[in-house]
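The next part holds the structures, each set out as structure tokens.
There are two complexes below, and they share chain A, which is joined by chain B in the first and by chain C in the second.
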Partner chain A sequence: MAVTAGIRRPSLSRTQRRALVSFLFVVPALVLFLTFLAIPLVYSAGISLFRWTGMSEATFMGLDNYGRLLTDNVFWLSMKATVLYALMVIPVTTLASLVAAIFVNQGLRGTNVFKSLIFIPVITSSVVIAVVWNFIYQGGDVGLLNAVLGLVGLPGHVWMGDMLTALPAIAVIGVWHRFGWFSVLFLAGLQDIPIEQREAAEIDGASQWQVFWHVTLPLLRPTIALVMVLGAIQSFQVFDVVFIMTEGGPYYSTHVLGYYIWTEAFRGLRMGYASAMSYILFGSIMIITLIQLRILRPAT
Partner chain B sequence: MATATEVARIRGRSWLERWVRFGVRATGIYVVLALMGITSLLPFFWMLSSSLKDRESLFEYPPQFIPAEPTLANYTFLFAQTNILRYTLNTAIVTVGVTAVVIILGSMAGYSFAKLEFPGRNFLFFGMLGGLMVPFEVLMIPLFILVVRMKLANTFPGIILPMAAGPFGIFVMRQYLLSIPDELLDAARVDGASEFTVFWRIVMPMSKPAVAALGTLIAIGAWNMFIWPLIVTSKEEMRVLTLAISILQLEYRGLYGTMMAAATVAFVPALAIFLLFQRYFVQGIALSGLKG
Partner chain C sequence: MASRQDSGAGLRSRRRLLQAGVFTGIGAAGITALAGCGETQVVEVVKEVPVETIKEVEVEKVVERVKVETVIVEKPAPQKVTILDWVHPLSAEDMKVFQPLIDRFNRDFNPNIEIRIDIVPWSNRIQKTMGAVAAGAPPDTAYVNVDEFTTYVVQDVLEPLDEFVKKDNVDLDDWLPGPRAGMDWEGKLYELPHLYAFRVAYFNKTVWEKSGLDPAITPTTWTEHSEMLTQVMAAKAAGSHDAFGTAQAGLGHPVTYWNPYFYQAGGSLLTEDGKSGYNSAAGLEAADKILEVMENFADPADRGSNGREHRPGFGQGNYAYRHNDELGLARTIEKDYPDLNFGVAETMTGNVKWTHGGLGCKCIFAGSKYKDATWEWIQFMAGAGNLEYNIEFGYVPPRQSNLDLYIKHPEVANSPVKIRALEEAKFGRVEKAPGLWDMWDVLKPAMQAFALGEKTPKEALDEAADKINKDIIGKYRGAQTG
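Here is the complex of A and B:
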């Protein structure tokens, strides 16, 4: 043990020995972090400067991989699909989870059961979700959605085969999958609001709606910011559902950035190009996070 | 601001009016919540119900929500024709492995960052915390090359270790341990306990709620993870359930009953973990929101 080694060496003072022991507690986690996170992060930046299949000789390209992205039509289609997906998922998820949290928070009997129910999608694998929704969205009378529409006299649709409906259909899954998670965050935020603040407004004669709009909502601002940032991070990384359900089609309408990076790297073996794209994704997430935090920062 | 008449209007409501208003509001709330609850559950109900149907009733119109003649044929077929038991075992091994590594290393490092001193401690902590921001897409290519070079592709350590390297566990444990009073630890130190004894005998037993919350969160994530096993596994016998289902989906295209049975097999254990540890899970989610 390092502790006994420290005792035998008189050159180490008591404080130094304590510092050494303290540091030793961090070492296992640090080794794992450096090997599988920090070093890969730097390595990836390096790879993005090369043309490389992962096996053969790598050719140095400078910033050419990044330059090529600008003229790559598929990259822009992927960017478009990703941004559209995020624009559909983030507002709807935020709103749905806020409504769910407010209603659960009314303290009515039995509402905790709903809290558990809306949480079940959150704990489910996106692969399971994709397989099940794929079945629900099937064309003809096979899919549940078309069957239910048929029962109320509406025409069915080939949801995943139409480039206008494929991405919204996937966005619906995204909202359905995550809103239970965000409503837990909103519930925590709501429970942090001192009850006196609302009561004071109510005594002043404010209606329920006024109390919500002028008291509750401003105090929820940090939670709204958090939920929208987490929503953006998740939306920009959507992969599993696209991989299982559409493989990017039809006509690249669901070809999101995460899927393009994966296919370039592991089907096309263009490791350099894919790495450059992953850094663009990283940068986009950072920029969007900063913008969101700026817009939603608490008014001072 | 309220005028006197408005106040009078609210105060002046009869008990009957107030009671009716409350009833209407409560009904509205219940209806919305029930709709959300049903929407959340319906796909799972449909998955289970379809997995118990034979091929004819699967495509019957109008659809049967409860199978008229439930059959286990899809499950028998699944267990006979595929290695689904092996995939389930693999998933369990990966889940236990990732959870154990995150909890043990996270508690040790979290303890040091919260309660011990060494030069550069805070710098190191915030440096590692920055790792939370890195999307997996940036790491997956070098990780794949690294793990192949380390001859860890298609092995459990190769699947587990990269998934357990993130700083989330350290962060959660540190936040929790900051709330433990120093006096308690100092008392043990005065009695001559080594730092390791303090950690193992005092800190760990006190951390049970945090360990439960963190463990539940990590276990569910590990059970469900897909993209890393997809990248690092090429051998059939090393597949986890999510990967196996994504491949079965291609092989059994159109065999919806079998696919729904496979989805149910992957879903039920995650549901069981959630139902058993629900309380801790919700705490963990609140922690993941970077709340105190």
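Here is the complex of A and C:
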């Protein structure tokens, strides 16, 4: 009895200790998540209900900032530019990266070099990319693109000074920047497909195209969904290239929502209005993501 | 000269502080002494010597006693304070310029003020300031441009400097007219300009000659400007040279590509009734001039340009005339394109003779804990240390006393272009209004709209002015949304 009394019973059970240790492992990530994501997210929701310059006293405005969006012409021009950009970038990036992944998956000679080449834009700073593409798109004889067109006898163009070509030009950069990363995702998806399934189809007499269309593509559906969701999120958040290359011009043709939020917040000092726009952007991305996931969910 | 003046002012300031302490001590101790000495002493004095003489002697004694007490009580060990100064990069190695200035300040003026310089990128200075002010931890001072300080002032972010200026008898008339106009808002002084970035027009003398123009004559009016650039373009078409008349970036910033024409046309940022002046008659005149320049004298490729390549482009001889650029361009060209034969053109007059008068200024943030120390530092930056600062960074001192020394400095004295440019400094005018940056962001798409033919100049500028009137003017004191 006396012996039993001398043994200190652990205050926590094994399960509890495991939970505690697990929690401690999560703490650093949790702190970062709360500090840089969750708290700002909630805080900005609050700010969206106020008029606040960031330095002065905040004044409660209710839903006025959201109401004002309806009549703000620049907001709708920005939304239009953002949607058009996404519509250009997402399908082209998805298709281009799928084709690149299929090519790499063939295991032909030189694919490692190709893999490295297509991945370089992914690891390159977007500021550097914007500066380099500025040279490419420069008007007159100086721009690289015009020089190449000149070599094949085609006339040059002022790419960034034309409302019709400025946004597609920015979209090309978006595709070029991301398709290496998406190719890697597709490559992982392709390598995850059991070889037996394709072989079975081939034994049954299916052509290469039929194998791809009826076996490979359906099995790639989760990867396609992932790529399209990531593509949509990144497209709706485009900012840096626009900021460096066009600042939204010419005449709002590249004035994407991310850029408008930034100018309203940090140049116009309308933090409340910018926060309200951020929530609209957030909602748009969420709706599009849900739609994509719904359409592309794997067949059961 | 200015250095000695400022040094004197600083010393006077400290001497006054000591004197104030001494006199306060005298007052307090005198009252105590008179009250505490008791009547016996006074009675004794009256009995033995004439009253006037005795009073004098007694006062002297009191002063002696108080002086001793003051030394003991009022002079604590000097406490070192650190003040934080946010600057923005002006060169590749800014601290090479700042460190000797800080050392000199500590050696010659105040060893107890430690200066911490933080170099903040230009692009996010507003965000950083906003965050720091909102967090209650602003810097003590910062490089604040004339185009942003009013936005801070109306939000009570900056400390008025009037008392400091009065206390140290700072001669405000020593500042050139443009910089002087950029120091105050709503009757109070908030900035000490320490850098003058007025702009001038440059022209390529070689292209001028090849176009049959006399390099001794540059346009003084818009009509002459059009005539001379027409001649430049005709010579280009004839194969005499390959340069365009001038540059006009379609995606460029209003300060460079709108302001010269707008202000020369007699425009004002705000009209007398406080509305946007962009859609005034001067605004429309400026828009017509811009269209004329874009269509007739500029490279068509400029329509897609933000203007960043125009400075090196001028150095490479791509333009005959470079409107509205800082003196830094002369320095860059002398260094990078030493063979270019260029000069400074006369500032043009539309209805008004105007050139942009950019300023770099020092202010004191209202949240600063060490305002007196900060004042000493910013006074040094605008005074004794100012010449060195401007020589090293390639700008111009905004004070006449320093400008006199600047002109004699070998860096300037040996450059005829800079000497010539300084003659135009007096035409520099500054624009200031809360939300100015915001106004430029509205104006810029309007300029693009009429340049692209999407809207007429009137439609585009009316739209811009409406937005400015509705969303920006009065926002900081009024009840606008956002």
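A few comments on the model shown:
The criterion applied here is as follows: the second predicted complex is superposed on the first by the 269 of 300 C-alpha atoms of A that agree within 3 Å, B and C clash if a C-alpha of one lies under 4 Å from a C-alpha of the other, contacts with A are read in each partner's own complex, and residues count from 1 in each chain.
Note that in this section contacts are C-beta pairs under 8 Å (C-beta built on N, C-alpha and C of every residue); 3 or more make two chains touch, one makes a residue touch a chain.
These numbers were taken from a predicted model, which means no experiment stands behind them.
Superposition of the two complexes onto chain A shows a clash between chain B and chain C.
Contacts of A:L49 after superposition: neither chain B nor chain C is touched. Touch counts on chain A: comparing chain C and chain B, the chain ahead is B. Shared-chain residue A:I170: touches no atom of chain B or chain C. By the touch criterion defined above, A:V215 reaches neither chain B nor chain C.
Judged by the touch definition given at the top, the superposed model places A:M271 against both chain B and chain C. Applying the stated contact rule after C-alpha superposition, one finds that A:V142 touches each of chain B and chain C.
Touch criterion met: A:V158 reaches chain C, while chain B stays clear of it. By the touch criterion defined above, A:F36 reaches chain B but does not reach chain C. Within chain A, the residues touching chain B in one complex and chain C in the other are 54, 138, 142, 266, 271, 274. Remark: chain A residues 3, 18-23, 25-26, 28-30, 32-33, 35-41, 43-44, 47, 54, 96, 99-100, 103-104, 106, 108, 111, 113-121, 123-129, 131-136, 138, 141-142, 144, 147-148, 150-151, 176, 180-181, 184-185, 188, 204-206, 223, 226, 230, 233, 236-237, 239-240, 243-244, 257-258, 261-262, 265-266, 271, 274-275, 278-279, 281-282, 285-286 touch chain B in the complex. Partner chain A is touched in their complex by these residues of chain B: 1-3, 6-7, 10, 26, 29-30, 32-34, 36-37, 39-41, 43-44, 46-47, 50, 59, 61-63, 101, 104-106, 108-109, 111-113, 116-119, 121, 124, 128, 131, 133-146, 161-162, 164-167, 170, 194-196, 199, 220, 223-227, 230-231, 241-242, 245-246, 249, 256, 259-260, 262-263, 266-267, 270-271, 273-274, 278, 281-282, 285-286, 289-291.
Those residues of chain A that touch chain C in the complex are listed here as 51, 53-56, 59, 61, 64-65, 68, 137-140, 142-143, 158-163, 166, 245-252, 255, 263-264, 266-274. Against chain A, in their complex, chain C makes its touches with residues 124, 126-127, 129-131, 133-134, 151-152, 155-157, 250-251, 299-306, 309, 435, 437-438, 441, 444-445, 448-449, 451-452, 454, 471-472, 475-476, 479-482.
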